[in-house]
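Each structure below is given as structure tokens.
Presented sequentially are two complexes of chain A, the first with chain B as partner and the second with chain C.
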Partner chain A sequence: MSKIKKLSKESFPLLIKKISETQHVYGPVSQGKRISYQRISSADELASDFIIPDMSAKSFVFPKIEKLFSYTKNKDGVEVQDINLDNIPHRVVVGIRPCDAAGMESLKAIFSWDPSDPIFETRLKRTTFIGLACNQADDYCFCTSLGGSPGDTKGSDILLTKTDTGDYIAEILTSKGEKIVTLAPDLFQDVEGDLQKEKFLANVPKRFDNSDLQNKINAAFNTDVFDEYAMRCMGCSACAFVCPICACFDIQDETKGSKGQRVRLWDSCGAKLFTLHTSGHNPRETQGARWRQRLMHKFSYMPERLEVRGCVGCGRCSRRCPVDMNIAESLNQLIIDN
Partner chain B sequence: MERNIYLPYRMKVAKITEEAPAVRTFRLEFLDPAEAENFSFKTGQFAEYSVFGEGESTFCIASPHTRKGYVECTFRQVGRVTTALSNLEEGDTVGFRGPYGNTFPIDEWKGKNLVFIAGGIALPPMRSVIWTCLDNRKDYKDISIFYGAKTVNDLVYKHELKEWEERPDVNLYQTVDPGGETPEWKGEVGFVPTIVEKIAPSAENTIAVVCGPPIMIKNTFPVLQKLGFKDENIYTTLENRMKCGFGKCGRCNVGKTYVCKDGPVFTAAQLAELPNEY
Partner chain C sequence: MGAINEIAARLLETGEAKVVIGYGEGSFGSVRPAFARNQEEAEKLIYDKRCTQNLAMYVYKKEISPLRKLAIVANVSTLRGIIRLASENQIKNGDIITLYINELGEVIECKALSEIEICLAEITPEIKPEDKELIDKLDAMTPQERWNFWISEMESCIKCYACRQACPLCYCTQCAVEVNQPQWIPVAANTSGNLEWHITRAMHLSGRCVECGQCGEACPVNIPIHLLPIKLAEEIKNIYGTVSGMKIQESNTLSTFKPDDKENFIG
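This part shows the complex of A and B:
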């Protein structure tokens, strides 16, 4: 259904303003050195010159802490109050990077694997993503090695590409995107001819050939490549928390007095306690086994079970790792070795 | 609207049985009769049991699916949730969500002999399938049960063991580890695999189900193989750490296999294909 329009640099802030009248708008905001997706009320709050927000956009659909229901204990027993999905807000995220948007499809695959998760599904349904194509990249970016691109439309409802004049090429991709256009149809101009979007995209060189990645990583399972590579990993879980697709979670109860709630919290397969049995037995005993799980899950188990990869090559895990573990480098090594 | 998949049913602890030191069986009944009406499970499946304020714990459903209106679980007190459960009294409320996972293919076993081999507190998943088969006794040929625990005191379901012992249509072999016997003990003394080897059940037209601590399973499989059991005819269950029970939390997988969705019931042939991450 893709339709191409033009959105002038003057129209862009007007569009944000128009959307904010009815929905909460979020976008990348600069806070000192940090760039993060924040609630905004006008376009001038948006960061302009950056590669990628520090945290991914996954928290819009999979928050760090998600209340699952609440309960009240009294002398007669326990009352349980279900959550009300109607309270999940309609939101628009503007300026989401194409890799983050593409990651939504992988998250969806995880959460809709039977039984489908209504909390996640509702959040995703009520969030509109206005992507912003990348015009700069760094050495950590490797989306192109995994079939993505700085101008990838996957997962976005509208994708904007900023041109040299500061105006935007707007690709209207879904019915949610159409709805945004109908809020302010006059701001979107018709275009003629090819606007040559590619000219305005960052150059992200291919770091490896992914054509046989799944077989190669399967072949590496019993080698010591994972142990060797993970020698320095501390299991701090930063990589999982910044990742747009890592979705491992824990379930815990939080109680205050007689009231409490059961919550779902971000967790990580890199953590030692993750699989530890109460008996003391741990099926993934070493950090190497846990690093292997991280890579196998993303590049073998998810493709096999869910038909999507668990990585879009955003590079965040490597940017944020305190001991410089680099996922692209690790993949490259096992592709060469196997 | 679809039901919140994380929302447990509220169940009343209808009956508590002390089985062995730190091991209890709870009989749970639905507080909401409509939920009881709509609920069903099959033998082999598990569930998430919770104490509100303490969290959830994974146990198999220990009662047979042939008996409706309640579910039972048997658990050992080892940590936070199981301690909180142990502190409950009859009439208290717990959370229960499930059933999850696959089932023992008891229909495929019709017309065959069944050999059940269990160690310690691993009798619960077995108890469910044993009673389910006994409730359909005419569908199966010989039924033998091997059960062992560390000491006489540690044997769970003592009452039911007695019942099985007295039934002419069940062969029950009980054993305790060397040193675990009492002067009155009339059963075997020795580790489970040793006793299985000694009694040597025939592999001809027979299904074996083995549940127990990893070391017992590891030592029992070779004995069965020596007796001529094919890996496809040996069943067991895996117990990887779980949170969600439905393939999302990322905790229980062994390679590409999710114990919560593809298991917990596996054949020895299937286990042989899995990486050693259980």
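This part shows the complex of A and C:
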């Protein structure tokens, strides 16, 4: 249903203003040394000239803290109060990067895999993604090695590509995207001919050949390639938490007196507690086994079970790793060795 | 081959060290921690001005510690980390050979911990100018403004514990946040959970922090979290005159009572 329109640079802020009259609008905002997706009320607040926000967009559908239900203990037992899905807001995210948007497809596969998660589903359904194609990239970007691209439309409801004049090519991709257009149809101009979107996209060279990646990574399972990683990886959760797809979670009860709530929190396979048994045994004893799990889950188990990969090549884990655990380099090494 | 590679190669060959912890070329012009276990890996070690990371936390890391004897390539931060670990009985003489590279680029091979103390005796520790600037800015704030600053910064915290993992002194086998009976610190990365975690960590490091700033460097969301322990180190120096990580026999300032301790903070 893709339709191509033009959105002039003057119309873009007017569109943000129009949307924010009825819905909460979010976009990449600069806060000192940090760029993150934040609530905005005008286009002026949006950060410019950067590669990618520090945190991914997954928190729109899988926040770092998700209340699942609340409970009250009384003399007859425990009374459970479900959360009211009606309270989940309608939101529009402007300027989401194509890799983050593509990550939504993988998250959807995880959270709808038997049983479907109603909170996630509702959040996703009520979020509209207006993507912004990448016109710059850095050495850590490797979306093209995993089938993505700086202008990939996957996961976006509208994809904007900024042209050399500052105007945008707008691809209207879904019915949610159509709804945005109907809010301000006059701002979107019809176009004739090919606008040559490709001309305005960043160049992201392929870092490795992904054909047969799953088999090659499986073949590495019992090799000593992970020994060096075992020493270097310091076992924090930064890679998992900045990742647009890592979705492992921890469940905690927060109780105060007779009342409490059950929450879902981000968790990470890099942490030693992740698999520690109460007996004291840990099936992933070393940091090398944990790093292997991170790769196997993303590039073997997820493709096998969900038919999607657990990585879109945004490069955040490698950019933010305090000890330079570079995932693309690691994959490349596994491909060469196997 | 530079001196560092030759020394590493020799230590591995003679069996004086099973692994040399050092620096190697990283991604796209950066450096990364590197581990030489054989001649080939020893050749790849580097040392230049990019090597600012404190590597002392690798000394007690589970995957490395059993390989003792170790050797470690050290800048001043790493030296101070090692000395502090020794003063807390985490390293003993003979566990580690330290290859300190001084300002002139000379490699000083310290086999005994006392030799590290001699190297440190010639050094006046300094914090980075940009950290000093931000500390001054925070000092000039009212308590309310400072509180607001930290609350705002803490909102970005995702509790990934990179700060803890990067710290040469966070060696507890079970961290307070991992205790759940009782649950001292909320697990969730919300305002109270984040504040309680960072305040607990800063207090646990006070008098111990070697001011390397590694916790702040490691933070994936750029919270200047290193300023908390660094500021406390400054306070302790001003009040008690002690600096952590310079001498093995230094007192554990905040856990040691001395009859002549100042008591002017009471009342």
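By definition in this document, the second predicted complex is superposed on the first by the 335 of 338 C-alpha atoms of A that agree within 3 Å, B and C clash if a C-alpha of one lies under 4 Å from a C-alpha of the other, contacts with A are read in each partner's own complex, and residues count from 1 in each chain.
The rule we apply is simple: a contact is a pair of C-beta atoms (placed from the backbone, for glycine too) under 8 Å apart; a residue touches a chain by one contact, two chains touch by 3 or more.
Please read these numbers as outputs of a predicted model, since none were measured by experiment.
With chain A as the common reference, the superposed partners chain B and chain C fit together side by side. Of the two partner chains, chain B is the only one that A:P283 touches; chain C does not reach it.
Legend: residue contacts after superposition of the two complexes on their common chain; A:V191 is shown touching neither chain B nor chain C. Once the two complexes are laid on top of each other via chain A, the angle at chain A between chain B and chain C, using C-alpha centres, comes to 80°, given in steps of 10. Once the two complexes are laid over each other on the shared chain, residue contacts for A:Q252 go to chain B and to chain C alike.
When the two complexes are overlaid on their common chain A, residue A:Y140 makes contact with chain C while staying clear of chain B.
Within the superposed three-chain model, A:M55 lies in touch with chain C and out of touch with chain B [touch as defined at top]. In the superposition on chain A, A:P115 contacts chain B only, with no contact to chain C. Of the two partner chains placed around the shared chain by superposition, chain B is the only one that A:F69 touches, whereas chain C remains out of contact.
By the document's definition of touching, neither partner reaches A:A219: not chain B, not chain C. Residue contacts after overlaying the shared chain place A:V80 against chain B, while chain C stays out of touching range. Across the superposed structures, the minimum distance from chain B to chain C, using CA atoms, reads 6 Å.
The residues of chain A shared by its contacts with chain B and with chain C are 250, 252.
Across the complex, chain A is touched by residues 1-2, 4-8, 10, 31, 50, 52-56, 78-79, 82, 92-93, 95, 214, 239-241, 243-244, 246-251, 253-256, 258, 275, 277-278 of chain B.
For chain A in complex with chain C, the residues that touch the partner chain are 31-34, 36, 54-55, 64-65, 139-140, 228, 230-232, 234-238, 240-242, 250, 252, 254, 263, 265-266, 268, 271, 273, 286-288, 318, 320, 322-324, 326, 329. Interface of chain C with chain A (complex): residues 19, 26-28, 30-35, 57-58, 61-64, 156, 158-162, 164-166, 178, 186-190, 214, 217-218, 220-222. Across the complex, chain B is touched by residues 68-69, 71, 73, 77-78, 80, 82-83, 85, 110-111, 113-119, 221, 247-253, 255, 260, 262, 264, 267, 269, 274-279, 281, 283-284, 289, 293, 296-297, 300-301, 304-305 of chain A.
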